[in-house]
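The structure is given below, and queries will be raised subsequently.
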Amino acid sequence: MATITTAQIIKAILETLQMVSISLLLGALGGIPLGVLLVLTKAGGIRKNTFMFRSLNNLVNIVRSLPFIILLVAIVPFTKLIVGTSIGTKAAIVPLIIYIIPFIARLVENSLLEVNQGIIEAAQAMGATTIQIIRYFLLPEALGSIILSLTTATIGLIGATAMAGTIGGGGIGDIAISYGYQRFNTEVIVFTVFILIIFVQCIQNFGNHLAQKARRH
Amino acid sequence: MATITTAQIIKAILETLQMVSISLLLGALGGIPLGVLLVLTKAGGIRKNTFMFRSLNNLVNIVRSLPFIILLVAIVPFTKLIVGTSIGTKAAIVPLIIYIIPFIARLVENSLLEVNQGIIEAAQAMGATTIQIIRYFLLPEALGSIILSLTTATIGLIGATAMAGTIGGGGIGDIAISYGYQRFNTEVIVFTVFILIIFVQCIQNFGNHLAQKARRH
Amino acid sequence: AENTKEKKEITIGVSPGPYNELFDKAIKPILEKKGYTVKSIDFSDLLQSEVALSEGSVDLNVAQHTAYADNYNKEKGGKLTPIVPIPTVPAAIFSNKYKSLDQVAPGQKVGIPMDPSNAARAFRLLAKAGWITLNDAANPTTLTKNDIKDNIHNIEIMEMDSAQLPRSLDDLDFAVIPGSIVYSAKMDAAKGLLQENVSRELELVVVVDEKNKDSQWAKDIVAAYKSAEFKDYMKENNKNNYWFIPEELK
Amino acid sequence: MIELKNIQKIFYKNSSEIQALKNINLKINEGDIFGVIGFSGAGKSTLIRMVNYLEQPTFGEVIVNDQNLSNLSPQKLRLLRKQIGMIFQHFNLLESKTVFENVSIPLLLEGTDKNTIYTRITELLNFVGLASKADAYPDELSGGQKQRVGIARALATNPFILLCDEATSALDPQTTGSILQLLKEINKKYKITILIITHEMNVIREICNRVAVMEKGEIIEEGSLLDIFENPQQQTTKNFIRTIVHDEIPPVILNTLDFSNKNKLVLKLKFIGENSQQALLSEACYQYSVQPNILFANVTELQGDILGHLTVELNGTPENIEKTHQYLLQKNVGIEVVENGNHNNCTNNQSDS
Amino acid sequence: MIELKNIQKIFYKNSSEIQALKNINLKINEGDIFGVIGFSGAGKSTLIRMVNYLEQPTFGEVIVNDQNLSNLSPQKLRLLRKQIGMIFQHFNLLESKTVFENVSIPLLLEGTDKNTIYTRITELLNFVGLASKADAYPDELSGGQKQRVGIARALATNPFILLCDEATSALDPQTTGSILQLLKEINKKYKITILIITHEMNVIREICNRVAVMEKGEIIEEGSLLDIFENPQQQTTKNFIRTIVHDEIPPVILNTLDFSNKNKLVLKLKFIGENSQQALLSEACYQYSVQPNILFANVTELQGDILGHLTVELNGTPENIEKTHQYLLQKNVGIEVVENGNHNNCTNNQSDS
């Protein structure tokens, strides 16, 4: 590895971990409720609200329409407001979160739609509030599927972090592209891709395991 | 729009349509069977095969680990073999397909895992072959969810086509990036993003509609 | 793109920036007058444009300097050949916060382009500014962070997408911005605090594949850049010395 | 307590309509154990789902506890529902939760504290015989075990209305018996009102004080338990009752009888209440020297009341037989003369809905 | 036809084991309609699922049609399964398909042509009374309607073994009756073997020729229909039979009796088969001047056989009563003297499993 140092790799790994974990956490905190809202307000949902559904649905569509780099530029003022700067790893996390929220929302929406209608009825018959229906019925019943959705989203995030290099976010993916691909260093490509594969492998297996546990209890 | 012509926009729209439709079609043809195989060979699947499952699971993980640009470069020889060139819209489709297959596979896997176990038992009790179980039981029962998964994948593909500009693939996303973002033309950004939003909106609404029909019959 | 005598259709690989616009505005009309038709294919990534050139999918591009072409040839075994140097926009150090290079201080953020050819130029410009020193053994055309011997002011060098640099200038203390980006972002080139020296290997060149370098159309392109018509055009359009004009074209 | 007024329920499907309930009027009083029977598809589940407004009527009003459900705010409806327990025909258990967790959910929703929950759920699980399955998940349970989880869950919060949609259909008679016993006890003790949908007449017999019979979306008959059992008016009601009160002579016996013999007469006797415990038949026969041959007999207990059906062949002279007949009539015994061919076999009314 | 040899089935769960089946040995002959009863959780579903190998035994062998299922290649197993129809306790219908499509799936799998399918399915739907629901989806059906779809589906391919896991539990008695009638007909016509799991003794009574009783994973009793009904050996069996053959005097009657009166004797008489139709009781009473008061009675028909239970109070002198008693004994009438307190009330054996 002529052109990159161990320190660089370690730094990049930490950056990737930081970007992925924070944006996953906050993305899930945003995306899961958004997915829940989509399901609740949909036609046939327990809080059917066509206006709300259309608005959220369109919002999700709009954000999902933006190529990542455009999104990144479009939200610069917001990013600065939140983290005080528009460059670096921290600044990359903001667009990553915005990028992943609607993605998670869509996957969660799909997972929740698979929950047996009878269980929602049971909840309603018990006089559960909407919040309770979500908390005690919808989410637990869809948990296995939601975990797999989050796994898929996490791996999507790793892909997206590669683009974080654009604003100096760094990370393994960025090293793979700028030191490997653009500087014609096959060794660097292979090595960084290897690290990425290990990342993804661990995340997927961990996700599968948790989902299996949630499904099979 | 100082720097882009109507002809350019129309060409780009056609390119995007071409890239998305072909890679969706072939990606689904590859991804759905792959997702099915993952579910069948999994622990607890009707054709449990740990070796096969691990192999496929790892394969999916590896492809999903690669940043799109690296994937694109890695398969250049393959791309040339298939379409005779490594640049242009056609050449972009090959990596797009490879990129979307494992993504679709994961989403389909998740959808299929939600199919009621009792229905698979009914199929087995009828003496259905594995192919018949897939054809007559698994896929129809998961159809609504699979449609939503494919919708999510399609919108993911639109995002990925933006990166197709890298190899001269063209398309709306590429115009947004290279004429809008790289040439600092906000008008172009807004206009192309508007087109993308319309695209995504149509696809999502169409997907929602089909899924609703499949679920509610 | 066969190398036949009758070849009258030229395909150019387009990268964002002034060089292609210059080609379109000044060279293309000359070629068309000679009976050529010029087709273009957009690339957002120069490297893929090079691959296309090697592969024969495009005939030429006008987006690189000799150093980059040499490096590509070395790494990828390509046979890309420069046929004529063309007007070049030098990179420069910009800042929205400071008026002078002297205001550099430890911990300041200096943005540089992340793509290798521009990065190498940026490191050399930083060395010219006296902010860093470079390892003697380093290849000046492929410099990376790891070739820095001494970071005199302890600046933090951030590599990022070159098109991001003007956009992030408020958050950076200084940035090395390639001329093409300065042009695209409609920045005032005169506000540059320090310009690079455009050395021979950093002059932009028209590049074709080696097998085409003696073709008639290649010669016609060279002729177009050297034509009086083009010289007039440059005189018209280089008011504040935005362009660096190579010797051959003067 | 519960009142359904002019209820109609129509399911719209594409262009066609399915009228699941037609003009239903029903009043259930506090403390009633009200049974609803009817063929499969008659609209029983649809009816019971009106009471907690899981299904809204297309037309008509549902009044529970003096509250018109259609006027209730969502919050008020929720509060009302908290006091209505429901056992679902398809159980509707959470697959992701253990038996214990499933049963404790209604208490969790009320914010009951852990210890109270533990005590209450343990008691309930013991009661339904599932203490050893507390940590099992629904997919590890047998059909009847799942149903018992549903029962325990509905009882967890001590509701004052209990809706049971085929609550014991997956249970063996003994388990059913003990569940019904429990329902009866809590009905007495807490005065809770119970609405039971069932197709098992035994369930009706053991526990209900009032009964309605549904057919094709309508209530075709309604009354107290004894009314219905003693004097069913509709053929459907009769057929249901016949499933446990066997008052029809099976063909295998009927075929052996000689209806042309004037010295024999076959009577179907119905004894109700106290005359069932007097030796009326033997008295009559003794008095008129007629020899009775008991062909078929069924005595049913209806929560303390006795309903006896006895088919006897009287052997003697025609005059004596006639006198015996008259004597029994005087004693208020219900009598039907069985003649060749008047035997109505239980017709298989098959419902096509 | 079907043979289970030393079957054990253990469900492993984390560290604990659940022994669902213990040492099961069972032989079902061709053309049998074999009934299995037992408490909820006894292992009935687990047992029936062994026969088509949906559940594999932890130990032991399943032999169907002379083929040992554990040695069968997947393909052979599939071919065998095609000839075994199954009605599931939880129906297992495809939610995404209409009633018509659900029922036609087994035929589709065999590549049957469209016209044949149409004819066959139309006939089946008519039979189960769902012709008008052909285009409905499962979530638009009532519980019993779903079950009937499951029944029709299992019959679609004319299987030669039919496994019914609580096939009529959601159906009203009339619909149940007509379904059982059908099963009986196809059993006679095509000699198909039917295994029926049920908790309804009426189902057993109406259709089965042989019966096994399960408790806690074991078969505790097995025999022909008459054997089991006439001479149940195990308490569980007795309890099951008691649900339709009411041979116990209800407390409300028992409480009115005066056991201290020497001039009264209460006898529980059991008549089987032919002596059920002789005027035995009245002959005896007439002969010894004893007056019988029929307190409680139940005559049950078991597919052509008659089983009668009669509880009578004999009134007369102690000697005459004794003579009547002896006479009846001579005539092979089963007799039990009812004394104060010997009345065993139907104990609620509650299963905790």
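The letters A, B, C, D and E name the chains in turn, as written, and every chain counts its residues from 1.
Just so it is clear, a contact is a pair of C-beta atoms (placed from the backbone, for glycine too) under 8 Å apart; a residue touches a chain by one contact, two chains touch by 3 or more.
Since the structure is predicted, the reported quantities are computational estimates derived from the model, not experimental observations.
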Chains in simultaneous contact with chain C and chain D: A
Chain E reached from chain C - shortest hop count over touching chains: 2
Relative to chain E, chain with the most remote C-alpha centre: C
Whole-Å separation of chain centres (CA-atom averages), chain B against chain D: 56
Distance from chain B to chain A - Cα centre to Cα centre, in angstrom: 17
Inter-centroid spacing, chain C versus chain A (mean Cα positions, whole Å): 37
Residue list for chain C, restricted to those that touch at least two other chains: none
Per-residue multi-chain contacts in chain D, two or more chains: 90
Where chain B touches two or more other chains, by residue: 69, 144, 177, 181
Touching chain combinations (by label order): A-B, A-C, A-D, B-C, B-E, D-E
Chain A - residues contacting chain D, complex: 116, 118-119, 121-122, 124-129, 132, 136-137, 140-141, 143-144, 214-215, 217
Interfacial residue positions of chain E with respect to chain D in the complex: 11, 13, 18, 37-41, 44-45, 89-90, 129-133, 136, 140-145, 147-148, 166, 169-175, 177-178, 181, 199, 201-202, 239-240, 243, 246, 250, 252-253, 256, 277-279, 281-283, 285-286, 291-301, 304-306, 308, 310, 313, 315, 346, 348-353
Residue ranges of chain C in contact with chain A within the complex: 47, 71-72, 75-76, 109, 111, 114-116, 142, 144-146, 158-161, 164, 167-168, 170-172
Chain B to chain C touching residues, read off their complex: 69, 76, 85-88, 165-168, 170, 174, 177-179, 181-184
In the complex, chain D residues that touch chain A: 52, 54, 77-84, 86, 88, 90, 92-98, 105-106, 108-109, 137
